[in-house]
Amino acid sequence: MDWSDSPEQATFREEVAEFIVERLPGRYQSGSREGGIVQSWQADRKSVDTEARDSAMNWADALAEKGWIAPHWPEEYGGAGLTVMEQFIYNQEMAKAAASPVGGMGVSLLGPTMIVHGSDEQKAEHLPRVLSGEVAWAQGYSEPSAGSDLASLQTRAIRDGDDLVINGQKIWTSGAQYADWLFALVRTEPDAPKHRGISFIVMDIKTPGITVRPIVDMGWQEPFNETFFEDVRVPAANIVGEENRGWYVGMTLLDFERSGISDAIQYERTLTRLIDYGKSEAGAKHYRQDWKILRHEVAERYLEIGVLFNFAFRIVSMQNNGMVPNYEASVNKLFGSETHQRLSRTGTKLFGLYANVWQREGEHAPMNAEFTRDYVGSVPHTIFSGSSEIQRNVIATRGLGLPRG
Amino acid sequence: MDLGLSETQELLKNSARDFLENESPEQLVRDMEEDEAGYSPELWSKMAEQGWQGLLIPEEHGGAGFDFLDLCVLIEEFGRALVPGPFMSTVLGGAVPLMEIGSDEQKAEFLPRIASGDVIFSLALTEPSARFDEEGVECTASVNGNEVTFNGTKLFVPDANVADYLIVAGRTDKGVTLGIVATDQPGVEVTQLQTIARDKQAEVKLNGATGQLLGNDGDGWDALKPVVNHYTVAECAYLVGLAQMDFEISVDYAKERVQFGRPIGSFQAIQHKCADMVTDVDGSRFIMYKAAWSLATDQPDADTQMSVNMAKAWCSEATRRVVAHGQQIHGGIGFTKDYKIQLYFRRQKRAELAFGDADYHRELVAQQLGI
Amino acid sequence: MDWSDSPEQATFREEVAEFIVERLPGRYQSGSREGGIVQSWQADRKSVDTEARDSAMNWADALAEKGWIAPHWPEEYGGAGLTVMEQFIYNQEMAKAAASPVGGMGVSLLGPTMIVHGSDEQKAEHLPRVLSGEVAWAQGYSEPSAGSDLASLQTRAIRDGDDLVINGQKIWTSGAQYADWLFALVRTEPDAPKHRGISFIVMDIKTPGITVRPIVDMGWQEPFNETFFEDVRVPAANIVGEENRGWYVGMTLLDFERSGISDAIQYERTLTRLIDYGKSEAGAKHYRQDWKILRHEVAERYLEIGVLFNFAFRIVSMQNNGMVPNYEASVNKLFGSETHQRLSRTGTKLFGLYANVWQREGEHAPMNAEFTRDYVGSVPHTIFSGSSEIQRNVIATRGLGLPRG
Amino acid sequence: MDLGLSETQELLKNSARDFLENESPEQLVRDMEEDEAGYSPELWSKMAEQGWQGLLIPEEHGGAGFDFLDLCVLIEEFGRALVPGPFMSTVLGGAVPLMEIGSDEQKAEFLPRIASGDVIFSLALTEPSARFDEEGVECTASVNGNEVTFNGTKLFVPDANVADYLIVAGRTDKGVTLGIVATDQPGVEVTQLQTIARDKQAEVKLNGATGQLLGNDGDGWDALKPVVNHYTVAECAYLVGLAQMDFEISVDYAKERVQFGRPIGSFQAIQHKCADMVTDVDGSRFIMYKAAWSLATDQPDADTQMSVNMAKAWCSEATRRVVAHGQQIHGGIGFTKDYKIQLYFRRQKRAELAFGDADYHRELVAQQLGI
C-alpha cells in the first residue's frame, strides 16, 4: 500500500510536468480559461481562427517530439511504449494541467484495436496518419434500437464482389463532424447468433452514401451525430480482424491505462474552484445566503471524489501488477458518473436562484453558468458507454458471479 | 376528510386538460422557448375566455370566484402541459396581492382587467441577494401620498419582459412597502436573462420608477407573506403536474422500448424506478394539496405556515428525483433536444428554485419544530 | 379535498375519544408508559400478574359493550358494522391514545375472512369465541422456503377419510405462543398449478402433532415462532371456503380500513417524543453534543411522516368513495416501512455514543433505549408482509401495467 | 504508487484468516456475547503467540516491529471474524499511547507485558458528555511528582471489565493530563453496560484513583491526538473487514436462496444491491488504507488529519449501507438470532459510533475545507 511515487515514477512525473509547463500553448493553459471552458484540440484543428489552428498544430508537434501523441502505443508504431504506470502518470499530469489531449478516438481506440487485430497493410495505411493528425476518427457502434443492447445492431453490410454494401443508421457517433474516417460495427451475417454476425470495419467518412447529421442535445450542444448509410460501398478489405468476429474485435480489452483518473482530477478541480469561488468576493454574491446548510453536502462530494481517486489508483495498480481489471472498471464508471451528477447538482444548489442562469456572460452568471450547464450536461454520463444499470448488472454477474436473470 | 377532487374540480381538470392538449401542444412550448415574448397572446386571450386569469377573482370584479384549491387543480394541468407565459406571475404575483391588500379602487381598476386578460402582472420581489425573506428587500422606496417611488435592482423577475405592471417591494424607513408600477416608464429597465428552463426571467432596474402605493407604508412584508405562501404552493402544483407527466411519458416509454428482446419496463431496475416515481408524484400531490387546503380554508396560521414549507420542501426534491429517473429510463433519446422528456427536466429546476428549494424550506420546517 | 372532519365524523371522533378517556385502563394509558413500551393486551391476557389480567379483561369488556372489539365486522356477527370512515376515525383515536387493540388476528384477519368464506357452522363455532376473547388466533402462511414466493408453500395436507393429515413446517407464525387456534394455508393438491392446490384451513393448536417453537430474533425478542406439523389430523370440514381455492381465500381483499394510519400516528408520536426529549433537561444529556448538524435530517423525517399520513388518508378516501385501492396500498407499506427504518436510524444518530446502549434501565439509557432497539427491531419491517422489493414489483406491474419480467 | 498488499501483508492476512477461522469461529463469537468477561483467555494467549498484541511494538520491547498499515491488515481480519475481546483497546488504547509518549521506563515496564499477552489495557477517554474532543475531558486530575490522581466518571470505556490498566485522560489546571491507572484499586469502580453489539463497554467511576503520570502535566491532548487518529482508523479497518464478510455471506445467500423458481441473486433488484455493496466495501477499504498509510508514513499533518476524518466519515456510512443491504437480501432468516448475518449488523453500529460517526467526521472535513 503506497500512495506515493517511486523515485523513477517521480522522475517521470517531473519530466511530464516540466514538458507541459514549457510546451503547452497559452490557449490551453488553465490561466487562460474562463469558467472551466476547456478548449478542444479536436475543434481547434479545424477552426477558422488562425491562432486556434496554430495552437493545435504546435501542441501536436510538441507531443509528437516525445512520442506522446500516443503514449500507450508500442514504439514500433510510433507510440512512446509507456508502461501502464507511466501512462497513468502522463494522464494524471495532463489532466492536472487540463491540457487538451490530441488525436481523439484514432489515438485512444482505433489505433490500439488495429495494432492488435489489423493486417500489416491496414496498420501501414492508418496508423501513421493518426499520429500525424492527418486523419481524425469517429466511432459508429450504437443504433437507435441498439443502445444498452448493442449486439442487436442492425446496420447491414452485404457482400458484393470485393465490396460490402452498407445500409442502416448509427447514432451517438461523437466527433463525426470533425472526423475523416469512421470505424463501425456492422452486421455481415444476419442469420448467425447476434454476437457472431458482426464485423468491425473502417471507412472514409466521405464515401458516397454516408450522411452525418448533428444531434442537438438538451443543453443546445452538438457533441453527437446520427450517421446514415445508404448503399455505402466499402472494400471488404476494410474489415479489421476476422469477418463476423467484429464484436470481439470491438470489445477487445486494450491493455492501456483505463483508470479514469482524468475524471477524478477534473471533479476535484471543479469542486475546489466551487469552494474557492464562495470564498472570493465576486463569488460570495452568487452563493445563496443560507449556503452553510449545504456544508456537509459539499464535504460529502469531497469524500466521494477521494473514493473515486482510489478506485482509479486501484485499476492502475492492478494493471501494473499484471492483473486485468474485471468488475473494478465498472465500479469506476458507475461511481464516477453518479458522483459527477451529484457534484453538478451540489453546485447548482449552492447558487440558489442563480442556478437558473444559463448564459455564460454577464454579472449574473455564477462561474459562467458552468454548474447549471453541467447539471444538464452530466445527464447522459450515467447512460452512455454502459448505463448505470448495465454497470450494476456487469458487476453482479461478471464480477460477483451472480446468475443472469 | 376526503382527498378526492370535488365535482367542480374534476370538471375544471378535465376541461383544462382537453383545452391545453389542443391549445398548448409541445410545439408551442418549444416555439415559446425561442420566442422573445415567451407566450402566445392568442392563447392568453383564449385562457381568459375560459375564465382562468380570473379564476380566483371575485365575481364582482369580473372573475369566477373559485378558491385557491381550484386554482391549484388548474395549475397542475399547466405543469402537465408546460404552458408557457405569464399566467402564474399575473395571477399569483398580481391578482393575489391586489385581492389581499388592494384598496377598493385598486381592485376595481385592476382585477377586471386581469380577469379579462387585458393586463399582465408580475411580482418584483427578489434582488441580486436572491433572498426570499424580508431582509432581502433592499431596493429603496419613498412614499408621497398615494404614490411610491422605487430605486434599486430586482432580479429573477418572471415575465417582466411582457408585464404591464409590477408589484414592487421596496424599503422605506418604516419597512417594506409595496407599489403597483407600470413598466412603460423610463425608470423601468428590463434586461432578460437566459435560463435553464428557457422561461422569461429578468433583471429589472428601477431608477425613480413610480406607481400607486399598495397597502400602507411599511406594512408590505405582512402583506407579502400570504402572497409568497400562495405563490409557493402554486409552484408546487406546477411541479406536481410536471412530474406526473414526466412519469407517465417514462412509463409509456418503458413499455415500448425494447432491448434484449423485451420491453425495458420488464426489467426490475426500471420497474423499481417507476414505482419510486409514482410514490414521489403521489406524495408530492397530497402534501401540496394539504397546503393549498390550509390556505384556502384559513387554517390556523402556524399549521398553514408549516404545511406550506413542508409542501415546497417535499415537492422540490421529490420531483427532482422523478425527472432524474425520467431521463435515466429514456437513455440516449432523452438527451436529445427533439424528444420531449428534457423539457420537463429543465423546467423542474426553475420551479424547484422558485421561492426556495428543499433545503431552504427544510430549514424553515426545522425552525418551526423548534430544533 | 378536505382534511377536516364532517360534523358527523367529528361527533363520532368525540365519542371514541371520550370513551377511551373514560374506559382505557390505567395500565394502557400513555402516562403510565415508560420509554414507549406499550403493554400488549395479547400478553396481558395470559399474564400471571393479576393486575395485567384484570386490565385486559376490563378493556375487552368496555370495548365489547360498544361492539368495538371488532368495529369492522357486520353487526349480525357481533361487530359494530362501522363504515370505513368510522373505522378509520376509530383506529385513529385508538392509535393517538396508543390504546392496545384487543382480539389480535382473530379479529383482524380470521373473522373477516370467515365472514366472507366460512360456512354457517364455521361462523357459529368460531366468531363468538373470537369476540369473547375465549380463543386467540395465529396465522400460518410462510414456510422456510416459501417467503416472498409464498405460493410455493409445501406443507402437505392429504385426505384420509373425513380428515386431512398435515405434515410440514410453517415459520413466522406470530403470536402462536398466545394462540389457541391457527389458520393456515396448506397444499391439498400437489399436482395442480402452484396457486391452485392450496386450501385455507383452521385447527386447534393443541391438536396432536403440532409443535410451536419460538424464534429468538436478532433483538433477543420472541415475536415469532416456527410451527411444525407431524401427522396432524384435522377434519376436512375445517377447510374454509372451497378446497384448493385457499390461495384466493387467504388473499381476499377484506373490505375494512387498510390505511395504516396507526403506523403514521405511532411514528409521529415517536418523533415528537424524540424532539421533546432533546429539549428536556434529562434528555439533553443524551443528545450528542453536535446534534444540530442533524436538524435537517430530523426535519426530513417529519416531512416523510406528513407524506405517510396523506397516503393513509388517500386509502380511506378511496374506500369511502367505493374505490378499491390497487397499487396505493403497496405505496403505503413501502413508504411506511422505509420511513420507519429511517426514523429509528435518525434517533440513534441523535444519541451518538449513547446509541450503543441496549439496556432499558439506568441513567445511561436514552429514552429507555427505544431507538437503539427499534434500529434492530425495524429491520424486518421492509421484509415481512411483502418485502420492499415485492411492493415495488406490485406497484410497477399491477399498478402501472409494466410487463412482468 | 501501489494499492496492493505487500508480501508480508499478504502472509499476515492469510495466516490471520486461517488462524481466526479455527480459533474464533462463530460459536465463540456468540458465546462471548453472553460471557461476562467477553473474551477467551485461551485465544488471547494464542494471539500473543502469533505476536499480534505486539505487532506494532518494537522488537527491543518484545514486539514484532511491524507498522500501522500491517496492523490494519490484521484488524480487517478481526472485523471479518468479529473476534471478541480487548485486542483493540489493548493495542490502540494501550500500546500506542505508551509508544507515543511513554518514558523509557514505562515502555520497558509495560510494552513487553502487552506483547506477551500478560496485561490488558484500555483507553478511558470519553465521559457522560460522550465527546471525542478536548472539551469532553472534565474528569479532574492532580499531579504529584510522577503520580497522578483522578476523580470523575468515564463512560463507554471498552473492555474495562477485564482491563488491568486504563490510560486515563483527566484535567489539571495545566490542561489534559494522562495517567496509567491500575484497575485493582478501590478508587476504580467499573459498571458494565449492555450494548447493541453485546461487546463490553463500561462506566468507570474514578474516586481518587492513582497511577503513573504518562507524559507531562498538561500535554495530554497533544499526545492523545495521534492516539485517537490511529484508533479511529483501526475502527475503520474493523468495519471494512466486517462489511466485506457481510457482503460475501449475502452474495452466497443470494446464489443459494431460491424463490419463484430461481436464485434470488438472478433478480436485478438483488443484483444491484450486491453491486452497490461491493462498491461500498471497496471504497471503504481504500479510503481506510489511505489514512493508515498517511499515519504509517508520517505524511504532512494536514493531509493525515484530513485522510483520517475522510476515512471514518466514509466507512461509517458506507458500511452501514452494506449491512442494511445484507439484512434485506437475507429476508426473514436474517432477522433470527441463530443466523450469522445479524452479528455483523449489530457490530457495525458499535464501530460506526466509535470515535464519531459519519456526520461527526464530515463536519471535520467541512472545517478543513474551510467551509
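By letter and in written order, the chains are A, B, C and D; residue numbering begins at 1 in each of them.
Criterion: a contact is a pair of C-beta atoms (placed from the backbone, for glycine too) under 8 Å apart; a residue touches a chain by one contact, two chains touch by 3 or more.
Nothing here was measured: the structure is a model prediction, and the numbers come from that model.
Trainee: In this assembly, which chains make contact with subunit A and also with subunit D?
Mentor: Output, common partners of subunit A and subunit D: B, C.
Trainee: With contacts counted as defined, which of the two, B-C or A-C, has more C-beta pairs across the interface?
Mentor: If we tally the contacting C-beta pairs, B-C comes out ahead.
Trainee: Compute the distance, rounded to whole Å, between the mean C-alpha positions of subunit B and subunit C.
Mentor: The mean C-alpha positions of subunit B and subunit C differ by 42 Å.
Trainee: Just the number, please: Cα centre separation of subunit B and subunit D in whole Å.
Mentor: That gives a centre separation of 53 Å.
Trainee: Between subunit A and subunit C, tell me the centre distance in angstrom, where each centre is the average of that chain's C-alpha atoms.
Mentor: Computed from C-alpha means, the inter-chain centre distance equals 54 Å.
Trainee: Report, in whole Å, the distance between the mean C-alpha point of subunit A and the mean C-alpha point of subunit B.
Mentor: That pair's centroid distance is 40 Å.
Trainee: Would you please write down the residue numbers of subunit B that are in contact with two or more other chains?
Mentor: Answer for subunit B, listing residues that touch two or more other chains: 267-270, 272, 359, 363.
Trainee: Note the residues in subunit C that touch 2 or more other chains, in rising order.
Mentor: In subunit C, the residues touching two or more other chains are 293, 296, 389, 392, 405.
Trainee: Chain contact topology under the given definition, line, ring, star, complete or other?
Mentor: complete
Trainee: Taking the complex as given, what residues does subunit D use to touch subunit C?
Mentor: Those in contact with subunit C are residues 126, 128-131, 136, 155-156, 193-198, 201, 203, 258-261, 264, 267-270, 324, 327-328, 331-338, 342, 345-346, 349-350, 353, 356-357, 359-360, 363.
Trainee: Looking at the complex, which residues from subunit C come into contact with subunit B?
Mentor: Counting only subunit C, the residues touching subunit B are 1-6, 9, 85, 88, 275, 278-279, 292, 295-296, 298-300, 302-303, 306-307, 310-311, 313-314, 316-318, 320-321, 327-328, 330-331, 334-335, 389, 391-393, 395-397, 399-405.
Trainee: Okay, in this complex, where on subunit A does subunit C touch?
Mentor: Against subunit C, subunit A makes touches at 293, 296, 405.
Trainee: Please name which positions on subunit B make contact with subunit C in the complex.
Mentor: Residue positions touching the partner: 1-6, 9, 69, 251, 254-255, 262-263, 265-268, 270-272, 274-276, 278-279, 282-283, 286-287, 289-290, 292-294, 297, 310, 313-314, 359, 362-363, 365-366, 369-371.
Trainee: What part of subunit B is in contact with subunit D in the complex they form?
Mentor: Result: residues 267-269, 272 of subunit B touch subunit D.
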